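Structure first, commentary second.
For reference, chains read A, B and C in written order, and residue numbers begin at 1 within each chain.
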Amino acid sequence: MFLPKEDKFFNLFDKQAENLVRAAEYYRKLVDEGNFSPENVRKMHEFEHYGDELTHTTINLLNETFITPFDREDILALANRMDDIMDNIYLLTNRFSLYKISKPTLYSKKMAVTIEQTTKALRHTLAALRNKKHMKETQEYCVEINRLENEGDVLRDEAISDLFTNEKDPIMVIKQKELYEIAETTTDFCEHVANLVESILVKNN
Amino acid sequence: MFLPKEDKFFNLFDKQAENLVRAAEYYRKLVDEGNFSPENVRKMHEFEHYGDELTHTTINLLNETFITPFDREDILALANRMDDIMDNIYLLTNRFSLYKISKPTLYSKKMAVTIEQTTKALRHTLAALRNKKHMKETQEYCVEINRLENEGDVLRDEAISDLFTNEKDPIMVIKQKELYEIAETTTDFCEHVANLVESILVKNN
Amino acid sequence: MFLPKEDKFFNLFDKQAENLVRAAEYYRKLVDEGNFSPENVRKMHEFEHYGDELTHTTINLLNETFITPFDREDILALANRMDDIMDNIYLLTNRFSLYKISKPTLYSKKMAVTIEQTTKALRHTLAALRNKKHMKETQEYCVEINRLENEGDVLRDEAISDLFTNEKDPIMVIKQKELYEIAETTTDFCEHVANLVESILVKNN
């Protein structure tokens, strides 16, 4: 288990996590500036595309590797579930652009911070997966991700409550409600990956 | 397989199922009375929190147990998918409160009954999992859960058809439509658990 | 692996894929004609019901079979994920009927073509699964399914952008937006099955 020669998989997971952190940082910047121009959406699409490449590289590596650091299907699931997070950040960015939102709400800004923090905790989780000695540390980061996902839930609820109380234009209610839901789903998906990491640890304990 | 000494897992699944039944009963009561006060939502949150504790206890038990009654990943999936049901009942309760719905529709009341019945069938399914001799009984309850999930589908369709025919306020359409969809998702999630139970039986046959 | 005597499973997958293609063809026809009468919805329900039967036949066959062409849980997942596609095509048809849409938009028509093409690529993928020698061909169809799923994404985005720009009735926005989202989910679900096929190939390589 966790052989040094299997470092390639861990390096790919690190890269995927790093790409998520960069995308989340960039998303927060766009929300802060309210600038979802086609050019900026295209730049986010580059993160999404690079994430796809990393996922496919992981799958190809699986095809050529006889002994893997843990179950083949878990490696595949980890790569695919991280790809889900990236897809969701891109979807969110794209919807801000489609809905022509130039003044993101305070709630959208707060949720962008939570998303950024969650991807950073996730990066730690995946780095620690490399070494069984870090199991306790990994679990602590998983707890932190759970806390952040909860924070995302609370923010979304406050945002939606505020929306239905103060926004009278039904079209704007439809738009903003969806943006809040997709933002919260991003932290949900991060929690899925954290759960998967925990389950990999359980199986390889 | 299915060793007596592994009763702890079955006891935890029983407790999780019992918690779901209680939450579903409480939800039906709140819908009947139209009383989604912050205090009542908080009480539902206690069911949700207790469900989380049971899920974590199951994961910790997995960490300490060498021989499990069936595959480790299936135990984990069962605990997590039952948690999804509880999360969804809480989400539904919380949305009634956020949307300030004091007069739930007749359809919401009917769907609450279906949800309660489905969790009760699920409780039987999980109890029967304990003993391979009950395989036939387990499968019968799975069929019953499929029937109830279908009933949930039909109710949701009737409710949505009624909504788009009679409700003219778009904001209310947004709210009620979502409440119907979440209610139906609860029975969907119960069916997922039933499918998982069936798949565990298939693998251990 | 891939024993001739295990042809029964492959035959069932072929039938499920064929049923999906027929349902997708029928759906495209209904969208083209704008005719979602109760009778036509009932006919679509027959496809959905036949799909359910095939899924259950596969599960029963699993129960009676000692040696399976690949992992039992993957066979189960494949059957269930194909059933998801069928359920989604039925859901889409049913919503057109519930929402009383008699003039489907140009975007709905285009997406119906994409859905039909995706199910046809999926049929090839499953047929090729029968023989390891066809691995390269299978992977090419998986790439094609990815391309079609991307096309579905682009069409949905264009459709939603057009909707929020030109449709002023909030109730119609709610309806059309959901129809576009469900249509896109159909190609998403096809991609899930393609991913699953790829993962089965990875595991059995």
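By our rule, a contact is a pair of C-beta atoms (placed from the backbone, for glycine too) under 8 Å apart; a residue touches a chain by one contact, two chains touch by 3 or more.
Because the structure is a prediction, the values reported are computed rather than measured.
**Q** So which chains count as neighbours of both subunit A and subunit B?
**A** Touching subunit A and subunit B alike, sorted by label: C.
**Q** Counting residue numbers used by both copies over all numbers at the interface, does the subunit A-subunit C contact come out same (over half shared) or different (under half)?
**A** Shared-number fraction below one half, so different.
**Q** Based only on mean CA positions, could you tell me how far subunit A sits from subunit C in angstrom?
**A** 27
**Q** For subunit A, jot down the residues that touch at least 2 other chains.
**A** In subunit A, the residues touching two or more other chains are 170, 174.
**Q** Report the residues of subunit B in contact with subunit A in the complex, numbered from low to high.
**A** Interface residues on subunit B, with respect to subunit A: 59, 62-63, 72-73, 76, 80, 94, 98-100, 170-171, 174-175.
**Q** Flag every residue of subunit A that touches subunit B in the complex, lowest number first.
**A** Where subunit A meets subunit B, its residues are 157, 160-161, 164, 170, 173-174, 177, 195, 198-199, 202-203, 205.
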